[in-house]
Amino acid sequence: AEDTINWSVHVDLTGPASYGGIPQGDGFKSYVEWKNSNGGIRGRQIDLQIHDTTFKPDVAVATYKKALAGGRVDYVFGDSTTMIQAISPENNATQKILTGGGSFASELADKENYPFYFVAGATYGNQLELLVDYVAQSAGKDAKLAIMHSSISLGRDGIEQAKARAEKHGIEVVLVQQTKFVETDVSAFALAIRQAQPTHVLVHGYSFAVWPEVIRLVRDYGMDDTEFMGSMWQNEYEKVLELTDIAEGLVGINVFNVNSKTSDGEMMKVITDIHEARDPNFSGFVRLGFLDAWMNAMMATKAFEMVIDEGKETTGVNLAAAMASIKDWDTGGMVGAPVTMTGQQVGLGQVIRWGKVDGNWAPVPVTDWMKVN
Amino acid sequence: MAYFLEYSAVGIAAGGVYALIALGIVVIFKSSQTFNFAAGEMMTMSAYMFYTAAVTFSFGIYLGLIAALVGSVLVALVIERFALRPMAGRPYIAIVMVTFGIGSIMRGIMAMIWGANELQIPAILARDPVWIGELFIPGKTARAFAIAVIIVLSLITFLRYSRAGVALRAAAADQITAYSMGIDVRKIVAFAWGIAAITGGISGILMANVNSLTPHLGVVALNVLSVVILGGMNSIGGVLVAGLIIGWLEAVTGLFLGTEFREITPYILVLLVLLFRPTGLFGGKEVERI
Amino acid sequence: MAAALEIQNLEVVYQGVIQALAGISLQVPEGSIVALLGANGAGKTTTLKAISGFLPLENGRVTSGSIRIGGDNIAKLAPHTIVRRGTFHVREGRHVFTDMTVEENLVASTFAQRSPRSRKEAFDEVYTFFPILSQRRHQPAGFLSGGEQQMLAIGRALVADPKIILLDEPSLGLAPLIVKDIFEIIARINREKKVSMLLVEQNASIALKYASYGYVLETGRVALEGTTSDLGKNDDIQKLYLGVDTDEIA
Amino acid sequence: MAHSTATTAPASRPSASRGLYWNATFLALLLVLPFIAPRYWIYFACIFGINVIATHGLNIMMGYTGLLSLGHAAFLGVGAYTTALLQIHLGLPVYITLPLAGLAAAVIGIGFGLPSLRIRGLYLVIATLAAQFILQFVFIHWESVTNGDVGLTVTPPEVFGIALNTEERMFYLILFVAVLSTLFAVNVIKSRVGRAFIAIRERDLTAEVLGVEIVWYKLVSFALGSFYAGVAGGLLVYFNHTVNPEQFGLMQSVFFLSAVIIGGMGSTLGAILGALFMTLMPEALSQSVLGVGDLLAIDTASFLVPLRETIFGFLMVAFLIFEPRGIAHIWARIRQKYLQRNAAQ
Amino acid sequence: MLHVDDIQLSFGGVNALSGVSVHAEAQEITAVIGPNGAGKTSLFNVISGFYKPQKGKVVLDGQDISGLKPAARAYCGMSRTFQNIALFHGMNVLDNVKLGAHTKLKSGVLSAGFRLPMTRREERDLGHEIEKDIIGLLELDHVAHTPVEDLSYGLQKRVELARALVMKPKILLLDEPVAGMNREEKREMSRFVLDVRRNWQTTVLLIEHDMSMVMEISDKVVVLSFGKPIASGTPEEIRTNPEVINAYLGVGDEDTASSEAAE
C-alpha cells in the first residue's frame, strides 16, 4: 500500500543455505513485528514479504522480479552474493532500491558497482584481516600461518586479502589449501598441516563439516599448540557446543554481539525478550542469521528515519545517501562500538576465543571492537 | 619422500570408502542396467537414520547401526519396487533421470524430517592412530578403510563363487530371457538394491563419522561416479582398484598441484582412460555384431 | 494318455486392445511332440508366451481360458516359477546373453534345473550334442554366428531338464544339416528323456515329420488340426507350407 | 506420434493449413505479449525463451543422436563468457557476439566430443560430467579472464540503435532467436542430417554400413547442440547483465536434461513444452501448492517448503513412469481427440 | 564386378575366414552357403568394411576398396541387409527407407536447417522415387507411415530390403533375407530379388539356408565351411557335390533342401 514501507526479503528457506536462511527470515519477521507494534518507522508500517530463494541465483532473481511486479518496493534483502550481483546492474540503472543482504562478500562493498548495497558488518576479507592482525599481535613475526578454505565461492572470498595482510605483517604463510565443502576423508588435509607446522590455522568458508575433524586429526598428530581461527559463520553457539572436544581455544570473529543477555543495550533486551517469550530457558546466544537480519533491518530503518526526518522522499538514492552518511550510530548493543559507515560497510569486528566462563562455553573477547581499514 | 608415502597411504585409505560407495552403484548396475544417481541421498539418509536410532531413540551404536541398515534396505526396496521396476526395459537415459528424481524426493524428505542442521553422530570408529612402520595413519581413516575393503572383498568373493553373479548379469542383460531360465529377476534386482543400501549405508555412516552429518553428505557420490567409470561400470573388482586409485590421486594431487585441483583430477584421469579404454580400466568390451 | 499340457479356449489381448488369440484349445499328450503351424502373425508365439507366463511382461493378458500343465492351472504363476516347475520356453530369435560366455549362458540356465545331476554333467551333455559350443565355451555368446546362438539357446533348455519344452522356430537360420541334427536331437530328447514338446516351426515339412499331431493357427484360431500324416495330405497345407510350384518364380 | 514433428505423417496433412493458422495466431500473440501481460510474465517468457534454445540443443544431441550430456550448462557458460568478453574487450555488438558465442561453444563442444566419440551410453554421461566440472573449474579459477567467482558484467545489447535495457525489449530479441532456432531444428531433423542422427541413436554400426559417417555426424550433433547452448548462454548474459560460474552448475545441466525428458525425447515440440514445464514448475509449485509468500510462519515453511523439492521429484518420476514419451505425447493425444471430434461433427 | 581375394580373418584364436576368395560377376546372383559359423556373415562384414581382415583385399569394379571405411563403401554403391533385422526404431517405414538413400543426397546441416532450395528439391525427388520404385514394388504402401517396430517379422524383412534398394546399389548383399518366412512369402521375396537384378542391373550376393531359394535364383554358389571355401559352381554342381552334401546339406535331404522332394 501507499503509506506502508515495503520490504522484500529473499532468503534461503529450503536450499543448501537454509541453516542460515531460516533464522534470517525469522529475524526479519521478529523485527518487523516488533517495530510495527511500536509505531513503525516514523508512523509508517513496514510491509514485509519473505521469499524463498532455495539459494539458487535464478530462483532468487525470479522472486525478486515477482516482488517488483507486485508493486513498489522500498528495500530489498538478498541472501547471496550472486543474487546481489544479478540484480544490481538493473537496480543501479532503473529501480534504484536500497539493498541489504546476507552476503559479506568483499566485492560487494564497492560504491561504484554496488552503490545501493551495504554490508551489515565486516566483509569476509576484512574479517580475515582482523584475524591476521590478531596473529601478528599475539605471536609476532614468529607466527606461521596456514589457511584452509572451502571451494564454495564464500570460501574463496577474502583469501587473497588475508595473504596480503600476512605479508604486510611479515608473517610467513606456510600453507594454503582448498577443500570441498564436505569430504569423504580429511586426513590428507591434516597431513598437509602437519607437514607445514603452522602456529595458526585460518579456517574459512565452512559450516560444520571438514574443519572439526581436521582439528582433531592435527591434535592427534600431537600439535596441541596450533591455534585454529575461523571467520564469522563458524561461531554459531549451538554448533560450537557440539564440538566441545575441540572448542577450547578456538578463535573466531564477531561482527555482532552474539549473546543478547550479556551485551548491554536496548536492542539486545528486545531480542532477549522475544527469545524468552519463546523459550524461558533461553541461553542468551542468538542465531547468527537472526542477528544478521536484525542488523540489516535496523540499518534500513535508520536510513528511512534519516530521510523522513529530513523531509525528503524515501527514494533509493536518498536512502543510500543517508545510509552512507551514518555516523557514530548507537546500535543498542548489536555491535560493541558506534557505527560509522565507511566504504559501504559497517566494518567492525571483534576477535574472540572460545573457553569456559563459569562452567559454560562462551566466546571470550580477546580484542576490542576494531574498525577495519 | 616420507611425506609422499604418507600422503599415498592416507589417500589409498580414503579410497576404500570410495570403493564401498561405488560398489553399491555397480551392483545395481549389474543387476538392472540402472545407474543410480541417488546413491548419495541413500547414503545420507542412512546416516540420518543411524542418528535417529542411536541418538534420538538412544539405541546405542550397535542396535542403532542395525536399525539404520534395516531402514536403508527398506527404503531401497521401496525405491526399487515403485520407481524402478516399472521402468524395466526403458532407455537408460530415462532410468538415470528417474534416479535423479528419486534423489530430489529424498532430499526433500530428509529436509522435512531432519532439517538442514548439522548433526554430530556418536563416534563408531576408534581414533588411536595406526602405524605402518614409520607411517602414521589416522585411526578413523585406517579403520574405515579396513571395514570398506573387507566388505568389498567379501562381496567380490561371493559374486565370483556363487551363481549370484551370473544371475545378476543375466537379469541386467535381458529380463525376459532371464525369467525364461528360472531366474527370479525381481528378487535379484531387489537383492542388488539391498546390497547397495547396506554398502551405501555403511559408507554414509563412516563418512558422517569423519564429517558431521549434513544434508550435503551425499555430494561425494558425484566423485564416486568417476570411480565407477574408471573401474568399468560392471566390474566389481575394478571398482576396488579404481576407488583406491582415485583416493590416492586426490591425495597426491593435493601434495603436488594444490588442493583445488583435487576436484577435477579424477575426472581428467577418467577422460584420459576413456580415450584409450572406452569401457574403463576393467570393464568388459561391449559385445556387438551386426 | 494323460495330457502334459492342455489349453482350453485361450484368449489373449495385447495392450488392452489387440486380440491375438481368439479362443484356441490344444493338447500336448505326455511324451509327444506336437506341432503348431501358421502364417506370420497367426499367434503361434503368443500361444507359447501365454503358456510360459511372459505375456504380462509384454503388455499382454490372458482374458479367458485355462492352461493346465500336468493338471495344474498355471495361468497365474510367474514365469520363473513356471520354468522351475518344468516348462521351458526356447524363445524365437535366440536371445542369448551376448556379453556372457557360452558357459555362463548355461550356468544361468541352472536356476531352472530340476534334476539333481551335477552342472558338469548337464553341460557335458550339451557339449556332446553341440561340439562347436564346447570349442567356444569361454567366448562371449554375442560373437557366435546366428546358428551357433540357436544351438546355445537349445542347449540351455537341456541344462534345465524340463518336462515340457516349448520350441519357437528352432530351425530359424540353421544350416540344413544342422536342422536335421537338431531335430534328431529333439527327437532323442523326447524319446530318451520323455520330454514333451510343443513345436512352432515355419519349416512345415520337417515339423510334420517329427511331430505326431499338429495344429494350424489362423488369425488367433485353430483352423485345422489332426495327426501329422493327415495334415501332410491336406491340400491347403501342401500349398501354403510345403509348397511345390517353384517354376513360376523363374 | 512422439515423432510427429520429425516426420510429416499424412494424417496431419489435411490439417496443415489449419496448423499454419494456429502457428500464426500463436506468433501474433507472442508479439503483443509485452503489451498485455504483466511484467513478471515477460520476465518468465524471456527465461523460457532462453531455455527453449538450450533445450533444443540438448534435444538434438540427446533426443535425436543419443549423445547424453550432463555438461550442457557448462556449454551455456562458454557462450556466456564469450559474449561477455567480446563485449567488454572488443565492444562487439549482439549480432556478432551471439553467433560467436555459439561458435565458441561448438568448438569447445567438439573438443570434448572428440575424445567421446568412441564412448557410449553411460560412459559418455561421465565424460560429459567431466566436461561440466572441468569447464566450471576453468570459469572459477582462470581469474585473469573470467574474474573468478565475481564474474563479469555487461551492458544491455543494442539492436538498430535501441538499447535492449528492459525485459520487454529483450523479449523480442529472445523471441526472434528462439523462433529461428526452433525452425532450424525442425528443418534439420526432417532432413538427411536428422535421419542420420536418429540412425546413429538407434544402431550406429548399421548406420555406418549404410553410408552414414558416424564420426562426422556425432561431431555435427555435438557442435550443433553446443552451438545452441552457446547462443542461449549469450542471451542469458545479456538478460542478466552478469555472468558468473554459479549459473552453470551441474544442477543446471540436470535442469535441461529434465526438460528434454519431460517434454519428450526426440521431439522438437517436446523440447519447447519441456522447457516451458521446467521454467514454470518451480514457480507454480510455490504459488499453488504452498503460497510461500503468505506462509510467514517460518517454522512451518521450513517443513513445508522441502515439499516442493519432493513434489518436483515425484512429478519427474511419475512422468517418466507413466508418460515416457513426455508432454509432447500428451499433447499429440489431446490434438488427436480434438481432430477426431471435429471430424465427427 | 566384386572380387574378394584371399581373405584371412580371425578373432583371437578363432579363424573366421581363411583364404576365402569370391568373385561375383556383374548382374549375377552369387549365393554363399555353408554351415553355421562357416564365416558367411563375416565375409559380408569384410566386404562392407565392418570387419578388417588380417589379409586379403576387396575389389569393386576394378577399384581396390580394402582401405575404405564402411560408409565410404556405401558411397561406392554397395548396400546390404542384415541377418538379425537392423531397422531403426523410432522412425517410420518411410524414413527408414529414406535413410538408405543417405549416400545419394547432399544436404549439409546449414542447407537443411535453412531449408534451401537444394534440400527441398532433393527431398521431393527422393519422395517421388521411393513412391514410384520401391514402396509399390515391395507392397509397403499401406505401412509407409507405421513405426517399424509395430510390423511383423516378415514385413520388417521387407523394409530392410527396401532400405537397401533405395540407393539403387551396384552391389547388394543379402544376409538370410527369407529366414522365418513361410513358403509363400519366400517365393515373393525371390521374385523381388530377380526383379531388382533385372531392373537395375544390380549384382547380388546372397546368404541363405533355404536351399530351394538358393537353387532357384542363384547363378553361382560358393560354399564355405569352417572359414574355408570348399566348393563353388552352378547350383546343380553344388547340389551333387559330395563334400557339400557331407558338410552342409546332409544326405537324403528330402525334408529341408529341396522342395520337390517333399512329396
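A, B, C, D and E are the chain letters, set down in written order, and residue numbers restart from 1 in every chain.
Here is the rule we use: a contact is a pair of C-beta atoms (placed from the backbone, for glycine too) under 8 Å apart; a residue touches a chain by one contact, two chains touch by 3 or more.
Everything quoted here is computed from the prediction, not taken from an experiment.
> Touching both chain A and chain B: give me those chains, sorted by label.
D
> Among the chains here, which has the CA centroid at the largest distance from chain C's centroid?
Of all chains, A has its centre farthest from that of chain C.
> By mean C-alpha position, what chain is farthest away from chain E?
A
> If you average the CA atoms of chain B and of chain E, how many Å lie between those two points?
Whole-Å distance between the two chain centres: 48.
> Taking the mean of the CA coordinates per chain, how far is chain B from chain C in Å?
Distance between chain centres, rounded to whole Å: 42 Å.
> Could you work out how far the Cα centre of chain A sits from that of chain E, in whole Å?
Chain centres of chain A and chain E, defined by C-alpha means, are spaced 74 Å apart.
> Could you list which residues of chain A touch at least two other chains?
Answer for chain A, listing residues that touch two or more other chains: 14, 18, 22.
> If a residue has to touch 2 or more other chains to count, which residues of chain E qualify?
In chain E, 41, 50, 82, 84, 86 touch at least two other chains.
> Multi-chain contacts in chain D: which residues touch at least two other chains?
203, 205-206, 209, 302, 306, 308-309
> How do the chains pair up in terms of touching? List each pair.
A-B, A-D, B-C, B-D, B-E, C-E, D-E
> Please output the residues of chain D touching chain E within their complex, sorted ascending.
Spelled out, the residues of chain D in touch with chain E are 3, 6-7, 9-11, 184-185, 187-188, 191-196, 198-199, 201-203, 205-214, 220, 224, 266.
> Would you mind writing out the residues of chain B in touch with chain A in their complex?
Within the complex, chain B touches chain A at residues 3, 6-7, 10-11, 13-14, 17-18, 111, 115-118, 120, 127, 129, 136-141, 144, 207, 210-212, 214-217, 219-220, 223, 247, 250-251, 254-255, 258-260, 262-263.
> Any idea which chain C residues touch chain E in the complex?
Checking each residue of chain C against chain E gives 39-41, 93, 132, 136, 139, 143-148, 150-151, 169, 172-180, 202-206, 209, 240-244, 246, 248-250.
> List the residues on chain E that touch chain C in their complex, please.
Spelled out, the residues of chain E in touch with chain C are 11-12, 14, 33-42, 83-84, 152-155, 176, 179-185, 187, 190-191, 194, 209, 211-212, 216-217, 247-250, 253, 255-257, 259-260, 262-263.
> Along chain E, where are the residues that touch chain B in the complex?
Within the complex, chain E contacts chain B at residues 41, 45, 50, 82, 84, 86.
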